[in-house]
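Here come two complexes built around subunit A, the first alongside subunit B, the second alongside subunit C.
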Partner chain A sequence: MKKVVDVSLPVGPIHPCFKEPCRIKCETRGERVVTTEVELGYVKKGIEKIMIGRPWQETIFLAERVCGICSVVHNTVIVEALEKISGITVPRRAELLRLILNELDRIQSHLLANYSYCYTIEHETLGMYLLNLRETAMDSIEMMTGTRIMAAYVVPGGVREDLSADNAAKILEATYHIETELKRFVKMFETGPMIGLRSKGIGVLSMEDALASGVVGPTARASGLSRDARKDDPLYIEMGWHMITRTESDNYARIMLRFDELFQSLTLIRNGIAALEPGKIRNGGEMKAGRIKHTIEAPRGDLTYEIEIDSAGQVVYVSIQTPSIPNIEVATHAMMKNLASAADVTSTFISADPCIACAER
Partner chain B sequence: MTVFTYLREFCRLSWLKAFFTVKTPPLTKPSYFRDFPELTGNECTHCLSCKMICPCPGAIDVVQTDGVWNPQITQGHCVRCGYCVEACPEGVLTSGDLLARKKEQGLVFAHEYIITIDTKKCMGCGNCTTACPVNREIDPHMGAGGTSLSSDVLIRVEHGKNTVKHNELCKGCKVCMDTCPNGAIHVIRNVAALQEDR
Partner chain C sequence: MSILQQLKNAVRQRSIHVCYVNTGSCNGCDIEILACLAPKYDIEQYGIYVHNNPREADVILITGGMSPQWIDKLPDLWDRVPEPKAVVTIGNCPISGCVFNRPGTLIDPPVSKYIPVTAAVPGCPPRPSEIISAILGAADILFKDYEVHQKEKEGSVKK
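Showing the complex of A and B:
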């Protein structure tokens, strides 16, 4: 019998580079990795099933617990879906506060993603710098909502608490601190010769592969695709949002794209704080029966909730489509195909920012 | 690079000073951190608003000790959402600066209860109507079959089916749900997050 592969190399389920358990099965020929397959299912929670029959004041907490990193966006998307079904309007101040919090959440998520990548390519110094910087964003979130994660800040018809002028000034100060520090770290990443060797030209996701697959978020934008749910949001356009794409399509491009988006998020937060006007932050509103599919841009890509509620606002059906599901598939079948070294498997996988908790919800 | 290089490096006064004096600042909890709810000392009126809004089963209970009612938090179940702090009309509970923000910004949770009856499942046994504490107060002589002469009651059996007469009287205790043998009755709590005019 002809020998096709030398060794089947399992990576995981517990691996120091992964934040969460998942198993990558690699088929190798010598040092070269021919194909890979990802095995999930170690942290299945079944949140969609638990949500059924519960009113919004309970489901928003469950939605947040899908993912510990991007909990704010899960809260926002389920509440916005319920608002769209019921025709509830949100005061402008509350909309802006939601935008500010979502962008703070994006900052901490992207910093964590880039930390993970630096840690995976053994550049722990830069990784720890980024992780330290993330604390500034986390402190701002805590100041705004009262907790670092799982804030349950967004409620139907508005937000939980108002942002005082003092706290807004502190958040503004934090954005300037993040910007000055981040410029140094981006320069370190851009010019580091070892980082370049581990990142440039590795894990290339070609435009054709990206188009053929359902890849979303920064992973798609790093391959030149203009996919971002924020382009349909008039508030984001008003705050000066624009599409950022890169064309290199490799690990380096994905990390650099996240750095670029961080600077954009900082600008969006500043514009949002400048546009804040005194006013109400909550409207209340009555739930109506209906079904909707609602998508917004999570830090990792398009997050879609398909939800049906009855006249009392209780969930009848819910389906959570997280961005990590297509991104993990694409990372496995398109990015980690024919890699030059087994050492690039983890770094390529992490560069797509896979969130196992999101994918298994 | 010899051992003397290192010795010279570490024998610098500034290095030694830093080594012996610099410390990580102690971890402190910011004033706005939303921790587990604590009692403020205000008198609890046993209205159960906190228990009714709590999203986590078994996280909060209102118990009587030495004749005084007070909410009790089970920390393993509580997710520190702060809903009970916001829902309590008497300000019995506090968590971080949430109570101060609630008063300052006029944050309230309005709620109502909706009783729904599945007429296909209801067999008109009247268990729910006789068990309902609101009904018992209005009509103490309510019949065993759940029929009542008074039309002021919350629910009563009419033409062999349970009928809701005054939905607004419901206190949300869900005793009717527990006593129904067919699971025909369901009490839904509708909450709206509102802000009072300042």
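Showing the complex of A and C:
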């Protein structure tokens, strides 16, 4: 069958809407976008290749620098994988501190994703409100770890620093501040007529497509799939975590789902701080050889590390499967098809929260 | 100094258009540049506008240590930026490659091998306040009396 195409429209690699370089080739018929294709490879560094043959201590810092937005979760997953290989146990206080930091990280990541979306649909006011609110979360992270990004807070056996009662109270205060502010912004997003026009019914990912494609994270949950690695974590269940899904499966649903998850993360942080008891924050142990596959829920979906270390402590094999890989693919093949306008291409792509640095490594 | 030049100096001091180019960074520096936009740091109060369009940029911010895809594209992009222009690199990667500069890597730092770099902000990643002060510092030196310096340069070439 011959395809009827008017113009092949390239978007990127440098584009005002993109945080990272990537190129989207759109085939258009009039204003309608028929198909799209995403071209990656601008930030490929070969991190897995660098990791192989190096001692495991160095891979923790390298894993953190896979992604600057969700560095905490990369740090956590590789450390938990190494702990599982060697059978090192973690004190309860350290586990709770890890949970608190991971949820703070999720808050700042989701706020950044929603800021990017609001900026892409030209609603800069709401975007700036969200970006300013993100600074509150970043301040909490800085208070807890000592730096904004790349904290290396999670270390084998526990965490690097303890959280004092003063700082815990300040984080608690920050969660209440975020909650009151966020309620206003969610209402703005829900009731904004222009936002509705640009978001509702656009970039629909049907449940059949979502099931077939293996999409993960908020993008999957906005299409009605219950996919979340946190459901297997007893600590999260204990802290009152529950699955949030939506059924509209369009751009609006994906952004609203992230807002819903933000409120849940705030509750989890509060419950985590309430459950904190004085005690050790780090256990000792000895590294052993072995191979393991470990998955936890990153802000964008399931993050899997498969790592093998030998008896000398060198990394023999490592493979990182980041959530952005399936999400970018499904955005190209299912969501950005038959869009009514070329302006919806970037907003649909951003609504899936693609992290190019994660996807290419 | 002519009145026109004085006017140009005054205007350029408070109108700096910025474009950021990610040449293989991990996003950390990019989101610190984004954080500068937030009302807390408010980069626009200094007259710095993040457009992310090389054709109207004055200052190019480079993050990342030159991945193979950018080696031919970055000099092209640099040619398209109108004069006067400057490059400020953000983070350790454009200087040395940071943790990625190890055997088996694909990146090829430093960035100064490919395009002229005016200023570099080290840090993994640097804080937003450091990024703002670097842009302001570099722009003041570069764009002040730009035409006068250009004429002096041309004159010296003719002689």
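Convention: the second predicted complex is superposed on the first by the 358 of 361 C-alpha atoms of A that agree within 3 Å, B and C clash if a C-alpha of one lies under 4 Å from a C-alpha of the other, contacts with A are read in each partner's own complex, and residues count from 1 in each chain.
In this text, contacts are C-beta pairs under 8 Å (C-beta built on N, C-alpha and C of every residue); 3 or more make two chains touch, one makes a residue touch a chain.
Quick caveat, the model's predicted, so the values are computed rather than measured.
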Clash or fit, subunit B versus subunit C on superposed subunit A: fit
Subunit B versus subunit C as contact partner of A:314, first or second or both or neither: first
Which of subunit B and subunit C A:21 touches, first, second, both or neither: second
First (subunit B), second (subunit C), both or neither touched by A:52: second
Subunit B versus subunit C as contact partner of A:357, first or second or both or neither: second
Subunit B versus subunit C, judged by how many residues of subunit A each one touches: C
Touched partner set for A:61, first subunit B, second subunit C, both or neither: both
Subunit B versus subunit C as contact partner of A:150, first or second or both or neither: both
Partner chain(s) touched by A:281 [first = subunit B, second = subunit C, both, neither]: first
Minimum C-alpha spacing, chains overlaid - subunit B and subunit C, in Å: 5
Overlap of the subunit B and subunit C footprints on subunit A, listed as residue numbers: 61, 150
Partner subunit B, residues of subunit A touching it in the complex: 55-58, 61, 142-143, 145-147, 150, 152, 155-158, 160-162, 280-287, 312-314
Residues on subunit A engaged by subunit C in the complex (per definition of touch): 13-16, 18-21, 41-47, 49-50, 52-54, 61-62, 65-69, 71, 112, 115, 128, 131-132, 134-135, 138, 148-150, 355, 357
Subunit C - residues contacting subunit A, complex: 19, 21-32, 34-35, 37-40, 51-54, 64-65, 67-70, 73, 77, 98-100, 102-107, 124-125, 127
Subunit A-facing residues of subunit B, complex: 30, 32-34, 53, 55-56, 79-83, 95-98, 101, 105, 107, 110, 114, 116, 188-195
